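Shared between the two complexes below is subunit A, which pairs with subunit B and subunit C, respectively.
So, the complex of A and B:
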């Protein structure tokens, strides 16, 4: 392992051990935070008992659908906006301030449009992720060398063919940034929506445990979400690296 | 000039789409005119302002803490090559965590009320500001630091006259994202377990199925957020062009 990797491990492990020590000595009350080892034990128990499986499957399914929709939709919308420079210049400031809006407030509208249940939650996850992907697509398309665009014109490619066969591969590093953000945002959107107003799913289970002073279950599920998101990010990061190396970038 | 015209055109298109959606599902969505009228009556009513002040107060404190903390972390790590390399993946994975999951922890530490909202807004805003500041300092040309050494500037002088001005454009980009996320954090904090503020107003209206109030509150928030963001965007462009 490199020195940097070792230092990183050292700091993360040191932080967890410090929290563990503070909890064990009673400096942090168990009513505020339970020891990390207890969280892991509770989580193992929860997973073995199968009590949380339905909620986990539901949340992961929602995130996956929201992610696929926001990545493909964001790429298509971004490519379309990029084709009209005037529209693009006008829409830029709105895209840039998009994330300041509280989408959760649109939940009642989504219930009417998509019915009670998963549809409305997926819609919020999609709305959260799609704009990160649109912005990344626009950034990537801005940096395509003009010679490639002219090549597409010489081969008489239509707009869709040029977007898929020339622009998509050329802009891929920027698109990866967009996908990474879309992963993070669809998790945030789905879990936050479940947290505030669903009646099932991981977010709901955490807030239910909170309301019932069930710190063991609450921290076990929080640990599960944190580990899951970190592992998904790390896997995608190493996949991106391998791909970039193979393409010699 | 042409761009202003295009923006007006886009806004008009958005309003028409909104009106059409209202005609399609009238009970789920108030019309643009109805929303504006409701927003105006809220602005002139006495009940609205204490909620707005509560949210404003939480937001200002959270943003100040996020800026100060984010700059301290970002500049500190940026000046230390090893520190930055060790911290970057950690910061990025904290950035992508769904922070709502951490809200119960914050409520248990701070209790219900203003401090919890401030803390929750701060953890949303602090990470992007830190990441942008750190990368800005790392990417500063080495010749700047050499010049500072040649001129025998003290650490404080180097920081104030070389590092911060050099990294300013990127710091403003980070501030723009930090601003949006801090507002989002404060509002989510108010929507869950709170008795005051605009987020509570929205949650309460959702419970009562009071669609005009929901829409009017979102409209007012959107106007504030988009204007603030537009000002920061303008500043961002200006600073980037001045350097380039």
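So, the complex of A and C:
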């Protein structure tokens, strides 16, 4: 591990130990926050008992579908917009201000459109992630060396073949940024949607535990979400670093 | 006329009255990159185009390759007019690094070949040959990031060679390399030219490179560029960079410079020079 890595680990461990000490000494009331060790014990129990398995599987399934749709859809839409500069100029202001929308204010509309089920939740996760991927694709395509585009012309590659075989790998560093954002946004969109419009899933379970003063379950599930998102991001980051080192980027 | 003479005068590619103007829509005049240009490339010859900075050398290559449409005039390759795309049988090597950083050297080289429906055994045979010819055998599994600039340019040349082009167009392919590497790469280009029998058109700004490598050299005027003079070197087909020691080499470079000097001064006055 690098020195920066040790320093990072030191800060995280120090923060957890400080919270643990504050909780154990009573400085923080258990009604507000339970000790991290209690969260871990409760989470281990939840996982071992299988009580949360269905909710975890549902949320992960929703996130996975929303992520695949937002990454593949975002790339396809971004590549198509990039091919039409006038269309792009027209759309650019909407893309730039997209995340300023108070998205969850429109949740009744999603229920009307997709019903009270997974469809509406996945749609929110998708719509949350897709624009980050579109913007990343546009940024990546803008920075493809022109000589590679001319090389595609030498091999008589059509727009789709050039986009998949040359532009996509060439724009990978920017697309990875889009995927990382899409992962984060898909989790946020799905879990937040489950809070307000679901009867199962991790978001719903956290909300249910909160409403029933079950701090142990609530914090255990929150810890699970944090650990899960951190592990997914760390794995992706590690893969990205290995690939970029090999490609000399 | 002997068979050899017939071959030497057989026109392989031709530009007839070609001009190229960039922009010019909405009432503005645009920028004329190429003035009316006529050029005949003989089958199997090594032809270099030399000219001052910004004179339209790369534009000439682009329109001849089919990468860009001429504003007026006609381009023929093997007797057929270009149809708006790079004709089969034409390979292009650019000045910039066009290797694909995400593919190994071997995958880079066979990238285009895999799209043509050539069977796996033939792909392997051509890959092996190209790796040997370009001195890349030990680097087949390396990624471009692990190679020097000269090696990456060899990968791009090898990628062109495996397509077995009948005409190879090179746009200042050694421009980013140091002087010694350029000489060595020039020798290797001559070897490739002899071995493939392809017609070669090399765009260069280096007098010595043009004089050393070419059968004929076309000198372009300052922008808008056109071929204003052609010089025949009469070098033997078997030659390499050591030909620079030949007395005629000095004469050729002197003749090139005597024409090019005025055009370079014009280019500097136009603001395109150093």
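In this text, the second predicted complex is superposed on the first by the 249 of 249 C-alpha atoms of A that agree within 3 Å, B and C clash if a C-alpha of one lies under 4 Å from a C-alpha of the other, contacts with A are read in each partner's own complex, and residues count from 1 in each chain.
Just so it is clear, a residue touches a chain if its C-beta (ideal position, glycine included) is under 8 Å from a C-beta of that chain, and two chains touch if they have at least 3 such contacts.
In this text the structure is predicted, and so the values were computed from the model without any measurement.
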Superposition on subunit A - do subunit B and subunit C clash or fit: fit
First (subunit B), second (subunit C), both or neither touched by A:7: first
Partner chain(s) touched by A:80 [first = subunit B, second = subunit C, both, neither]: neither
Subunit C versus subunit B, contacts on subunit A by residue: B
Which of subunit B and subunit C A:246 touches, first, second, both or neither: second
First, second, both or neither for A:60, with subunit B first and subunit C second: neither
Contacts of A:100 with subunit B and subunit C, given as first, second, both or neither: first
First, second, both or neither for A:153, with subunit B first and subunit C second: second
Closest Cα approach, subunit C to subunit B, once both complexes are overlaid on chain A (Å): 13
Complex contacts: residues of subunit A adjacent to subunit C: 145, 147-148, 150-151, 153-157, 166, 169-170, 172, 246-249
Of subunit A, residues touching subunit B in the complex: 4, 7-8, 11-12, 31-33, 86-87, 89-94, 96-97, 99-102, 104-109, 111-113, 180-181, 183-184, 187-188, 191-192, 195-197, 203, 206-207, 209-210, 215, 218, 221-222, 225-226, 229-230, 233-234, 237
Parts of subunit B lying in touch with subunit A, wherever the complex brings them together: 2-3, 6-7, 9-10, 25, 27-29, 82, 85-86, 89-90, 92-93, 95-105, 107-109, 176-177, 179-181, 183-184, 187-188, 191-192, 199, 202-203, 206, 209, 211, 214, 217-218, 221-222, 225-226, 228-230, 233
Touching residues on subunit C, where the partner in the complex is subunit A: 65, 67, 85-86, 91-92, 94, 96-98, 100-102, 111-112, 115, 143-146
